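Next come two complexes built around chain A: one with chain B, the other with chain C.
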Partner chain A sequence: MILGRIQVPPNVRKGEPFEVRILVQHPMETGYRRDLNGQAIPLHIVDRLVCRVGGVEVFSAELGSGIAANPYMAFYAMADASGEVEVEWKDNRGETGRVSAKFSVA
Partner chain B sequence: MRALAAVAASLAFAASAQEPSRPQPLLPGSTFQSPEARQMQLDDFANPGMLWVERGQALWSEARGASNKSCASCHGDAAQTMRTAAAHHPRYYASAGKVLDLEGRINECVTKNQGAPALAWESQDLLALTTYVARQAKGEHIEVAIDGPLREAYEQGRRIYFERQGQLNLACTNCHDRSWGKTLFAERISQGHPGDWPAYRIEWQALGSLQRRLRACYFGVRAELPAFGSQDLLALEVYLAARARGLELAPPGVRK
Partner chain C sequence: MKRRDFLTRSGLAATTVVLPVLAQQPPPQRFQPVQDIAPLLAQLTGGATPQQGGIEVQLPAIAENGNSVPMRIKVDHVMAPDDYVAAIHIVAERNPRPLVASFHLHPASGRAEVSTRVRLAGTQKVTVLAELSGKRFLMTQADVLVTAAACLDESM
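The block that comes next holds the complex of A and B.
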């Protein structure tokens, strides 16, 4: 399980955009580097991240080798009813991670 | 009269040996970072070091070793029991008979009290626990007593701090006392305080300990790198803590 963090304002207004922030702990190894012995360090990146609000996909990203370690993402979403923001991701070795945060619509 | 002056001079010398010379005013390392890096450090969510704090929090209550005890079994709520710990390390432990920094102290507990193999230097678990414990002391002021048994390590650290080393033939003091605030390549030279460590260094793409940072300075002046946990690095940590007395702790820091 890959560690991650999420931040969503606990109270949001109906129909108004709110910021969702995500931080994933991952080395994001590019696959282009070599270690001290000259051996190639294999590619190891989070390649897919999906965010759903109330089960509906609102944001997804395909990350490449150009993204720095411990990727940070922020985007805006809107909601009409209280619910949960769920973020799931997987890396190219098949490891997955998941974070979620509840919010209520005032 | 002359004898009196000599006494006064020797007293003054003794006093200067007691008290490390410190830059005025004392400025934390983040002062010398770009506004972006500073902002990243201040923002508890964007600060990637908080990932290690979170991991450390989970490890804190995870049983380990033959005793099947977690840190929390003895130390309870870290927010209470560890509130000032980082401010008083490195510290002399009579029970261990030696000076220990935060990492060393944690490993002492891991091996003696939990009955588990020591955590390797710069391992993710040790970094996470250290950062978690250090974080509890955020806002506390560094206060390391050097008049007691820490004296020996302090003197050793002071000697290293003023000793020229490496192919560039530089001592710590050449940059961090005489030239702080000036630009070296693309960096502003800091005063060399330990208050924000362990810190996330963007160059490393990872969080690292103070010892890793000190080794990076050794590398920078092209000197032989002391091993992690070596007496040299520990002594330097003691000296730096004494030199930064009164400085506010703000771990985990963010560095370029």
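The block that comes next holds the complex of A and C.
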């Protein structure tokens, strides 16, 4: 289970884009670093992230080792009805994480 | 020989011997070498020629730490159901893996704007490629000066 945080405005306007901000807690090891014994630290990154609003995909990302540790992403989404923003991701070791936030359309 | 003479002569000899040796050593490699990103761009575009401009890239002119550089990308394009920005790719030519990230957008995104934090292995040009629906492409490059590069061995 990878931890993460999401921030969505609680009240949004119908059909108007609102910002979704995500912070995932992850080391994002590049695979190029070495530990104190000179052993290479293996690659360990979040490589896939998907965001859905009301079950419809609005954003997805394929990340590489060039994304800083604890990946942060901000993007936009739109909705016509109140619902939930859910974000799911998985890392290259098969671990997954999920966060969600509710919003209401005014 | 007087002591003073000896000192000046030996000093001269030492500098003439040592200085050329120091000068011949190559300067320490601080950054990764620049890679040719043309094949990667061709793979992303499928051979199409991207149009320059149309993307606003916000990057600090000087990044003190290459391990985390804030970046904001804004594509000046509508997000209509039949004409929208489908993807945004970030390519860093000096990174060991040049393709930093690919973001896929949908008409329901509403606005083609993404912020994130990237790692940069040195002072370089960062290329942002935006894919519009119908396999059209926009491309913009941004210069960034990185004081301390990411991806270098910390023990050095």
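A few remarks follow.
Criterion: the second predicted complex is superposed on the first by the 106 of 106 C-alpha atoms of A that agree within 3 Å, B and C clash if a C-alpha of one lies under 4 Å from a C-alpha of the other, contacts with A are read in each partner's own complex, and residues count from 1 in each chain.
Simple rule for what comes next: contacts are C-beta pairs under 8 Å (C-beta built on N, C-alpha and C of every residue); 3 or more make two chains touch, one makes a residue touch a chain.
Computed from a prediction, not measured in an experiment: that's the story for all the values here.
With both complexes brought onto chain A, simultaneous placement of chain B and chain C is permitted, the two fitting side by side without a clash.
Taking the C-alpha centre of chain A as the vertex, the lines to the centres of chain B and chain C open to an angle of 80 degrees, rounded to the nearest 10.
Contact with both chain B and chain C is seen for A:Y72 once the two complexes are overlaid on the shared chain. Of the two partner chains, chain B is the only one that A:Q25 touches; chain C does not reach it. Residue contacts after overlaying the shared chain place A:R5 against chain B, while chain C stays out of touching range. Once the two complexes are laid over each other on the shared chain, residue contacts for A:V56 go to chain C alone; chain B is not touched. Touch counts on chain A: comparing chain C and chain B, the chain ahead is C. Contacts of A:R34 after superposition: chain C is touched, whereas chain B is not reached. Taken over all C-alpha pairs, chain B and chain C come no nearer than 7 Å in the superposed arrangement.
Once the two complexes are overlaid on chain A, the chain A residues touched by chain B in the first and by chain C in the second are 68-69, 72. On the side of chain C, the complex with chain A involves touching residues 67-69, 90, 92, 95-106, 108-111, 113-120, 150-151, 153-155. The part of chain B that touches chain A in the complex is made up of residues 45-46, 48, 50-51, 54-55, 202, 205-206. Interface of chain A with chain B (complex): residues 3, 5, 7, 21, 23, 25, 27-28, 68-70, 72. Considering their complex, residues 16-18, 30, 32-34, 53, 56-69, 71-78 of chain A touch chain C.
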